[in-house]
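Below, chain A partners chain B and then partners chain C, in two separate complexes.
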Partner chain A sequence: MDLVFSVITFTCITLLGVMGVFVVTGLTGLFSFGQASFMAIGAYVAGVLGIKYHMPFPLAIAAAVLCGLTAGLLVGLPTIKLRRDYISLVTFGFGEAIIAILNNSVSFTGGAMGLSGIPKYTSLWLVVLSAALCIYIVANFKYSKFGRQCLALRSDELAARSMGIDADRVKLTAFLLAAAITSYAGVMYGYYTTYVEPGMFDWGVSAEWIIIVFFGGINSLTGAVVAALTLASLPEILRFASEWRIVIYCVIVLIILNFRPTGIFGEYELFAKHGRTKTSKGA
Partner chain B sequence: MNRLEVRSISKAFGGIQAVTDFSLDLRQNDIVGIIGPNGAGKTTAFNLISGVYKLDSGKILLEGRDLTGLGQHQITRAGIARTFQNIRLFKGLNVLENVMTAADPYSSYNIFESIFRMGRRKRQEEENREKSMHYLDIVGLKPLAYENPESLPYGLQRKLEIARALATNPKVLLLDEPAAGLNPSEVGEFIGLVKRLHRDFDLSILIIEHRMEVIMELCRWIYVLNFGELLASGTPTDIQNNQEVTEAYIGEEDEECLL
Partner chain C sequence: MSVQQLINGISLGSVYALIAVGFALIFNVLKFSNFSHGGVMTATAYIGYLAAIGLKNHITSTPLLIITVIAAALAGGFVAVIVERTAFRRLRVNKSPVIYYFVSSITMGMLLENLVTIFASSNFYSYPFALGSQIYQIGDFTFAASDFYMLVISIIALTALMWVLYKTRIGVAVRALSFDVNTSTLMGVDANFVIMATFFASGVFGGISGVFLGINYTLYPQLGKLIVKGFIASVIGGLGNITGAVAGAVLLGLTEVLLIGLVGSGLTPVFIFVIMLVFLLVRPQGIAGRIVQEKA
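Take a look at the complex of A and B:
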């Protein structure tokens, strides 16, 4: 039973991470290869506050999310004005810089030895509830003016600007929402494993989330959720060694590239208000 | 005061002088045409007016307000909307959403109202939906509101671009070759649509078009560009009888379009 609970918990936490990437990469088309560093920020800030200052859990969550948002603003503000390919480079650099900082500020974070003794406050119902709430939030985001504007500028930024959309502002909003979600995921992670080390949050984790989003279908929230639930839980269930995990992901990427470039679900949504009416009304 | 005043704008790309010292006036509720051979700088002029490119020199005034140096989205919000020569609709959004997106900057609900479905969100989304449906109705696309834009035939995509531009609530509408690729009956329909817009909205329209029947039928005044410079300007009759203009088109594929 413990194994089942642990698989569900880790799957829900991965789902949270994937939701952040879905907002930034899926909806807005910005590749954030440093997304996992927001998870590190969440886990370390809440962890240190919990261990060293015995801060109550809800306050530690709030502080961690606030730090995530601040970091998001710092890296987001100058980055969103850049060309898209540069954005992936800058976010990658930012992510690796965060890890370097965590590795080197030994007195506070324990450095490469990691931070241990975080209280185990993350419960099964809390992560499941968090994941559900997060899906609700992201769905509301997608089907609001924000989601529409994100999709518009992902599809054609020049045309989007010409329709009066403040592209920089919309990108920053998406980036910050993702930063908040991902740093929250980090708190859940730290307070579940009770031990974190910098290596847990490197770019490989960010890449994994991006692959999951692409596997599900970049424009489909349904796809992202289903892909996260299956791809995150399968290796845990089968207890593959970590090298095999990479191999599996590589195979998945090849399959997507060759057979379904739009991902498994493409643009399909389970609860879309208006299904695309397939009755073509003549020419 | 003129609705739109373009004062001697210029733009060069590397060595190519795409637009040189071009000026233009657009009155309130006016329809004006820009014609000229391929590569004459017509689209570049639109890109300068709508802020896609920065001006090398010159000025652009909307109802006396200087728009020079503003960003694209600010110019659009000030009241200049456009369509694109090579259709640029949003993939991943359906027909209705394409139009709603252009009206979205007028919704003021914030991110928290958005993600928790609170406050002003519901009312403003409904208002936007209704307004956008109305614009779709005007161009005759209401029955196709939930289709993918890519699945529409070319002529309807052009109409959707117009509906989307209208949703930004413009004072000036820039149409870049809106009749390109349309069949003759669609061209007639398009002319009717522009006349209706002209009648029902307080809108000044600037049209780039190679098809002379469109320009002759709709425009009060015509500017002719050639190699980035103004070659002639005048009423449709003036232009039709202008020797220089006819010569500029010689050797052009579109030569037969002129008359």
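Take a look at the complex of A and C:
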């Protein structure tokens, strides 16, 4: 039963990360290769506060999310105006920089040896509840004014701007929301595994989340959730095929991109509000 | 900055230049950042290793190095063509948005990297050239033999590319295509063939840079990650601009060597990130100065 619980917990944490990517990539069309580094920020900030200063859990969460937001603002503010390719490059560089900092501030973070002894506060119910709440928030975001503006931006930025949408502000909002969600996921992760090391948060993790979002279909929140649940839990169950896991993912995603570019779920939503909202293929 | 650092920086930069050019070639034509190039580099570095192992009883040192580089370059060309066929051809036919090219290239890169991991394990290998101890001395300055070969072969490869791009029919076609796909297709350019040729050329550069990276850092499946150096270099140089990419790469190599001397290799990525951010804010169009418009 422990195994099942841990699979569910890890799946829900991945789901939180995927939600962050869904807001940034799925809704807004920006590629963040440094999304996992927000997770690192969350895990490390909360972890260090918990170990060294015995800060209570809720306060540590708040501090970690705040730090994630600040980092998001620092990276987002200058880059959001740039070309989309550059945003992926800058976020990538940001991820590398965070890992380098974590590796080099040995006295605080334990360096490459990792940070161990984080108290284990994350419980199954907390994670499941957080994931559900997060899905609810993202779903509402998608249908809010901001979400619709994001979709407009992604499809055609020039047209969206000429309709009077403040593109930079909308992009920054989406970016910050994702940063907050992902750093929260990081706190959950750190307080569950009780041990974190910089290598866990490299760009491969961010790329995997992006792949999951595309697997489900970038226009469908339902798709992203289902893809996250299946793709994140399957490998835990099918441990024996772990070597081939990524290869199989990649082949599937290539097939999807080639033959069903809207992803498995297309634009389908389980609980579509106000009828079906039509969105185009994306920018 | 001492002259010795200058030499090291330029030879590091010449390897980055090869990566950046392979990257910029594809950006030039298809206008997306091709992350599968990293996978191509890794795969061909291993193919080059296989060739070197197979031949090491017959020839040694310099000829072996040259044959390995040629084998890897050819293999790179073919791998890149296969990548184009499987990952990008249909997207082009479907006229998919740029995002899909991007995701497709990331996925392809991860696929190649993981295939290499499965077939070659994640152990470290090193090429059997035994160049490590060889050095050349010019005055007070020393060249590692491998650095010297890197510089020479990079210069030869880049010159050859420039010649092809500016003096041959196919080069004209590539440049025309990078300017406007539709018009040049109407003028009778076979877009499929030219794009395939571009991928082949990019793969050749990927193969050469893969072998050099393997010499520098030993062979391991995550070698393709160094694609990001090429990406940074081509952004500094101006995306899609080939001479700009070379200039950006040399600049990046020099900066890195200087930073490693000043702050140590651990914190270098942090400073590179900050420099890159400042550069993008001050001069987003890159050194070469031609900004690539996002499709409106």
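Quick note on the criterion: the second predicted complex is superposed on the first by the 269 of 283 C-alpha atoms of A that agree within 3 Å, B and C clash if a C-alpha of one lies under 4 Å from a C-alpha of the other, contacts with A are read in each partner's own complex, and residues count from 1 in each chain.
Just so we're on the same page, a residue touches a chain if its C-beta (ideal position, glycine included) is under 8 Å from a C-beta of that chain, and two chains touch if they have at least 3 such contacts.
Model, not experiment: these values are computed from the prediction.
Asks: In the superposed arrangement, which partner chain does A:F214 touch: chain B (first), chain C (second), both, or neither?
Replies: Once the two structures are laid over each other on A, A:F214 reaches chain C alone.
Asks: Once chain A of both complexes is superposed, is A:L82 in touch with chain B (first), chain C (second), both, or neither?
Replies: The answer is second: A:L82 touches chain C but not chain B.
Asks: Who does A:L158 touch here: chain B (first), chain C (second), both, or neither?
Replies: both
Asks: So in the superposed three-chain picture, is A:L257 touching just chain B, just chain C, both, or none of them (first/second/both/neither)?
Replies: After superposing on A, A:L257 lies in contact with chain C but is clear of chain B.
Asks: Could you tell me if A:V247 is touching chain B, chain C, both of them or neither one (first, second, both, neither)?
Replies: After superposing on A, A:V247 lies in contact with chain C but is clear of chain B.
Asks: With the two complexes superposed on chain A, say which partner A:L66 touches: chain B (first), chain C (second), both, or neither.
Replies: neither
Asks: By the touch definition at the top of the document, which applies to A:K145: first (chain B), second (chain C), both, or neither?
Replies: first
Asks: For the three-chain arrangement built by superposition, which of chain B and chain C touches the greater number of chain A residues?
Replies: For chain A, the partner with the higher number of touched residues is C.
Asks: Given the touch rule stated above, what does A:G93 touch, chain B (first), chain C (second), both, or neither?
Replies: second
Asks: With the touch criterion stated at the top, can you tell me which chain A residues are shared between the chain B interface and the chain C interface?
Replies: 156, 158, 281, 283
Asks: Taking the complex as given, what residues does chain B use to touch chain A?
Replies: Listed in rising order, the residues are 50, 52, 71-73, 76-77, 81-82, 84, 88-94, 97-98, 100-102, 104-105, 107, 109, 111, 114-117, 121, 125, 128, 143-144, 146-148, 151, 153, 164-165, 167-168.
Asks: How about chain C: which of its residues touch chain A in the complex?
Replies: 32-33, 86-87, 90-91, 94, 96-100, 102-104, 106-108, 110-111, 114-115, 117-118, 225, 228, 231-232, 235, 239, 266-270, 272-274, 276-277, 280-281, 284, 292, 294, 296
Asks: Name, in rising order, each residue of chain A that touches chain C in their complex.
Replies: 29, 31, 78-79, 82-86, 88-90, 92-94, 96-97, 99-101, 103-104, 156-158, 203-204, 207, 210-211, 214, 218, 243-244, 246-247, 250-251, 253-254, 257-259, 261, 281-283
Asks: Would you mind writing out the residues of chain A in touch with chain B in their complex?
Replies: 137-138, 140-141, 144-146, 148-149, 151-152, 154-156, 158-167, 173, 177, 219, 267, 274-277, 280-281, 283
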